[in-house]
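The structure that follows is given in the form of structure tokens.
A, B, C, D and E label the chains in the order they appear, each numbered from 1.
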Amino acid sequence: MRRAASLIIGAIITALALWLLWVLQTALDMGAGPRLAEQAFAGLPTTGVSNPVTAVLLSYRGYDTLLELGVLLAALLGIWSLGVASPGFQPAGVVLSGMVRLVVPLLVLTGGYLLWVGGYAPGGAFQAGALLGAAGVVMRLAGDETAGLPGIRAQRWLIVAGVAVFVLVGLATLALGQGFLSYPQAWSKWLILAIETAATVAIGTTLAAAYVGGRPWSHAVVGGRD
Amino acid sequence: MEQLLYGGAGVILFALGLWAFLVYEPLLRKLIALNIMGSGVFHLLIAIAERGELPPDPVPHALVLTGIVVAVSATALALAMGRRLEDDSGGR
Amino acid sequence: MSLETLLPAAIVVSSLLPGVFIFLVKEESHILRGVLNMAGALIKLVLVGVMIWGVYQGETYETRLTLAPGLDLVLSADALSVLFVTLSTVLWLVTTVYAIGYLEHSPNRSRFFGFFSLCVSATVGIALAGNLLSFVIFYEMLTLATYPLVAHRGTPDATRGAKIYLAYTMSGGVLLLVGAIWLQAITGPVDFTQGGYLEALSGDLQGPLVAIFVLLLAGLGIKAAIVPLHGWLPQSMVAPAPVSALLHAVAVVKAGAFGIVRVVYDVYGIGLADRLGLLTLLGVLASTTIIYGSVRALYQDGLKKRLAYSTVSQVSYIALGASILGPIATIGGMVHLVHQGIMKITLFFCAGNYAETLGVHKVSEMDGVGRRMPLTTLAFTVGALGMIGIPPIAGFVSKWYLGLGAVEADAHWVLLILAASSLLNAGYFLPILYRAWFRPEPDAWPKERPSKGRFETMGALLWPPVVTAGLCLIAGLLAAAPFSPLEWAALIARREYL
Amino acid sequence: MSAGLLLIFDLVLVVTLIGLAIAALVSPDVRRAVMLFIAFGLWLALVWARLRAPDVALAEAAIGAGLGGALMLAAARRAARQEAVDGQTDARGEEG
Amino acid sequence: MDASLALAVSVPLIGGLLATALPKRAQGLGLLASVATVLVVGWVMAGVWQQGSLHAELGGWAAPLGIALAADGLSAALLGMAALVALGVGIYASGYFRSADADRHFWPLWLLLWAALNGLLLAADLFNIYVTLELLGLTAAALGALTGTVDAVRANLRYLLVGLLGSMTYLLGVALVYTSYGTLDLGLLSNALEPGPVAATALVLMTAGLALKAALFPLHFWLPPAHANAPAPVSAALSALVVKAAFYLILRLWLDVFAPVVTPSAAGLMGMLGALAVIWGSWRALRAERLKLLAAYSTVAQIGYLCLFLPLLQALPPGAERDDLFVALVLMALTHGLAKAGLFLAAGLVQRSAGHDRIDDLGGTAQHMPATTFTIALAGTALIGLPPSGSFVGKWILMTSALESGQWWWILVIAIGTLLAAAYVFRVLSRAFNLEPTPRSFVTQARTEVPALLLALTSVAVLGLAADPLWRLLGAGGGA
């Protein structure tokens, strides 16, 4: 019965896939459709960065990125609302903790590097933030219950930092009469860097906290479960 | 040709993920399926950004970057909910 | 903003607003509630008085609120609506007094009087509705407002009765809605017009027009309790007496009958309705209902049940009047709208008094009530004789005009129906009167009379039936006086047959 | 590099990618499935690098495969442990 | 450049951030942000009222490179409804949660949800819509699970997964569009679009994804458990707003952007699904054992009603009649939204007071709380479509137009749906009348009862009797 169902589903989906492939081919056969790349490259000099992907993320479509940071924040808030974190693993052995002492600074350093080069080379806030988060994961694997994160209060400020700086910059430009997130050209580079820095910290903290998987204990003692 | 090859791979990944999502019951399986589905869509976007001689289109790249972060956020939330369920049923 | 545009709305609001406030009144502050009730009723009476005078002088009153392009909520006053508004307003005042007395110590009075007021607002809205859309709106509001009244007691019986009531009226509402929308899709938004407004396009639309009439008639017939759509009426007898009185004499049943009159005269126009063969349909249904209701009434032992079947029968006189082509029959039907109202409300008030004072619910328990409660029984007698059609009580006038109209229109079978129905009326009312006046009192009743006054029951319960019985007599005796129901019905007929 | 050779290279990349996806989706052992999913993510990053999307490739490797994989792995490990515990209790239940 | 549009998203967002960072003051900050958001939304609506539509380019980059926000009559009307419901839900929530902890978790997620909702209604870019959809879906699922019971978490986990499936499907459609047309901006796209397999497939994919989120029959299976098990204020928002938001996008795509691609048979299919949803949803609501489950199934039915408009809109040529029908659709959506919010809030109070919400055992609990019972009655009136509610007017216009365009069969569906709705509403109300003692006053707990009552009252009295301004708001905005 189950097998039959899964076969039927399989057949339908195969048909769907073939249809989609045909449509894709039709779309591609219509020739090289228009694309936004040329406009994106043309606008690049005024954005203050030279990596086109960063330009799209932070300048052309900065609003998307702002909301995306909101998604990340929402996920963590959801995770926190579900309960307290479980205690981590048993303390790591000497060898592992030695490795951690080596790997974590390396990850943080690489993260910083990626953040900095993001303006003109592959890299940027997300990749950098991911490395920070990875550092947290490694620390928790090595037995640090908090994944190297600070206390709950600081954590709360850190996770909102990315969205907060982003939206405040947006409102500031709005107040200057420029329109939401329209950076003045002279400041553009630095504003983007500031936003990226805040975003990196927020992403790193959020990802590590998500890995911890529940709200930190200190809060739990005050509130209790629901 | 290249676009069709890679784009087609994206479509196939999407279909595979969809199939697995509908067929498998456990949460983790469904999440893997969803992520592969998403990867298929992302892959399609990356494939159409690549146009031979021209430099690749950065806009789909940025969209995919956004998509990846969204996907991982959703995965994390879903896993946390799954763990909550496990804890509750385990505690009983 | 002038009197002409505000008056119809003010008449509706004068009971709506007190109704809303009454919900908010704390249960135990009965004085505040009473003041709100009476103030609303009296203000409405004054406003209606102004309107009667104005309409008589040929003034037009109209409130128009645009709900959406092409959808206007219209409240306007013509002679027909004034007839129904006046009836509702006067009887509401009387019933309010009665209900305050009747429910003195029962629970949930704020809820009761709140919905009671909403119910009257809806009825007045139906009376004043100036087009089908407005009519449907108030018609549905009436359903909503009466449901809690029927269910008020909260016993399983009450809940069941209310459920049946709702099932019928909701279905009726949907049929009416579909019919009204269909009609509007054909004609566009048109207000009720004296003499009807479909005459012009009847040519190639015969089929749809007949179908629409059947839909509308079914929707209205459910509330008017036309056989075979009458099933809810006896079931809803579980409601408290003032509610039964209001449902039967004024609000629900009357709203259905009034709607039929509206559709026949002011939508289709009686001429067109006749040519489409719709009057015959209506006449047959009405006659069947008259006979069937009376026959069923014969076999009821429950006093209220007997009265309920009597209502089924009597209300169809109105439809019967509308189904005969000719101004005299029209007068008969219209005037019965009022006469049946005041007579039936008298009977229900009395039935409530018997139940409340002596615990008498059945006809078989009524031996000797006349000696114990002479005033009440006197009022009951007037109402019952009126129903049978004994002169000089109001009911006689209705039947007389219906009969004359039938002769005028060469519809002699109607005379047969009238005669048969009168006999049956006598058959189920006279035994009650005989028991009440000529049989001895049983011992089971409380020996002690109410200590408060010298009357047989408390004043708030006694005076309403006495007043309405008086009205029955006056309406019959002074039928030829200006502003009597008969004269007013003649005014309507003159305007309809222009 | 000739066009034909490049096409073969592309084909290998794509076929491997789809193969890894299928393996990850149908692998009977959950932990293995997650491992395969991580491998799939890394391979995907490689393909994207081939498609001249280094930023995205980096992000996919770090976030999609890396952190997403780490999260899933933790869940898979817990699931496996749970199964083991359940299996033991079941076995005991049968014995008793 | 209009500042109000960006503020409509930023203000609740900032509120959410502050509520996250300062959990102890979450409630106060949340209420403050709610009021501020309502004011901003009022500003947006005033702008649309005066100018017909608003448009703002973000980041100083014009579309197609940048992202624009846009508001027309449709989005302004829904924004207004969302603001009203959200304000009501906020005030209610401030008196609803018993533990401070739940309250603290509620506010940040709730304000983020509101920001996502406003963002979605103002979005003019296909990918931006995807991001707002995800933000909406994540916050909605997290809020729905706040009850913390196994049922709630399980149902909302499913909701989350189904939502993700929907957004992935939607995104595939977006990718196809970008392949062919190289733009994501709705306005530019609607100019460039040509009927053909690519556009049609993209529309099918996006619609399928959105239909999953809008719980359009037969993709509604996830909704009843998710909405029925969420905390009452969350259920209200989910049913009234989140589902409607996905439906709004379907409307946007079908009537606006992809209008040239839509064929009569496609629209007819949507109408069919709508009809099935009306009947199935109402039937299940009638059979539901629990009050909140009843409300959730009635949401399924209501999305169906809205779909019934599509084949008729498709059949009508542009003109006053079509505009009327379109406004009727919006009116119906607004009425249902407000009424459903009121109903869920009231159901939450009943559940709290009785300790359960099994309909058959509700006797008396409803009578303890006259205001709450009244709320259920008012909301029920709007759900059935009785006068004087806004849905009555909407239904009247819908039925008229069904008759005029010869598609009379929809009338049967509406009639059956109406009767079924009456049956399930009065099934609840009939429990209110029994022999319990009399309550002393109408309102017992103002902070939670009054918002619910006002929401339901608005759906009946205001939208039914004073909906005329809506015509101007949408007419001037060009509507579809």
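Note that a contact is a pair of C-beta atoms (placed from the backbone, for glycine too) under 8 Å apart; a residue touches a chain by one contact, two chains touch by 3 or more.
According to UniProt, the chain labels map to these proteins: C = Monovalent cation/H+ antiporter subunit D family protein; E = Oxidoreductase.
Bear in mind that the values here come from a model prediction, so they are computed numbers and not experimental data.
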Figure out the least number of contact steps between subunit A and subunit C, where 1 means they touch directly.
2
If you take the chains that touch subunit B and keep only those that also touch subunit E (Oxidoreductase), what is left?
A
Groups of chains joined by contact, in the absence of subunit E (Oxidoreductase)
A, B, D | C
Chain whose mean Cα position lies farthest from subunit E (Oxidoreductase):
C
If I average the Cα coordinates per chain and compare with the overall Cα mean, which chain comes out closest?
E
What's the chain with its C-alpha centre farthest out from subunit B?
C
Go ahead and name the chain pair joined by the largest number of contacting C-beta pairs.
A-E
Whole-Å gap separating subunit B and subunit D, where each centre is the average of the chain's CA atoms
12
Whole-angstrom distance, CA centroid of subunit A to CA centroid of subunit E (Oxidoreductase), is 30
Could you give the separation in Å between the centres of subunit C and subunit E (Oxidoreductase), each centre being the mean of its C-alpha atoms?
42
With chain centres taken as the means of their Cα atoms, state the distance from subunit A to subunit B in Å.
16
In subunit A, residues with contacts to at least two other chains
20, 24, 28, 35-36, 40, 53, 60-61, 64, 68, 71, 74-75, 78, 82, 126, 207, 210-211, 213
Multi-chain touching residues of subunit B, meaning two or more other chains, are 7, 12, 14, 17-19, 27, 31, 44, 48-49, 55-56, 59, 61, 63, 65-66, 68-70, 72-74, 76-77, 79, 81-84
Contacts with 2+ other chains: residues of subunit E (Oxidoreductase)
65, 127, 131, 134, 138, 141-142, 145, 153, 172, 179
If I apply the definition of touch given earlier, which pairs of chains qualify?
A-B, A-D, A-E, B-D, B-E, C-E
Subunit B residues touching subunit A - in the complex, by the definition given at the top:
3-4, 7-8, 11-12, 14-15, 18-19, 22-23, 44, 48-49, 51, 54-59, 61-63, 65-66, 68-70, 72-74, 76-77, 79-81, 83-84, 87
Could you pull out which subunit E (Oxidoreductase) residues touch subunit B in their complex?
65, 127, 130-131, 134, 137-138, 141-142, 145, 150, 153-154, 156-157, 160-161, 164-165, 168, 171-172, 175, 178-179
For the complex, give me every residue of subunit B touching subunit D.
1-2, 5-6, 9, 12-13, 16-17, 19-20, 24, 26-29, 31-33, 35-36, 39, 42-43, 46-47, 49-50, 55-56, 61, 64-65, 68-69, 71-72, 75-76, 79, 82-83, 86, 90
Using the touch rule from the top, collect the residues of subunit E (Oxidoreductase) that touch subunit C in their complex.
320, 324, 327-328, 331, 370, 374, 377, 381, 386-388, 392-393, 396-397, 399-400, 403-404, 411, 415, 418-419, 422, 426, 429-430, 433-443, 464-465, 467-468, 471
As the complex stands, subunit A meets subunit B at residues 5-6, 9-10, 13-14, 16-17, 20-21, 24-25, 28, 32, 35-37, 40-41, 52-53, 55-57, 60-61, 64-65, 68, 71-72, 74-76, 78-79, 82-83, 126, 203, 207, 210-211, 213-214
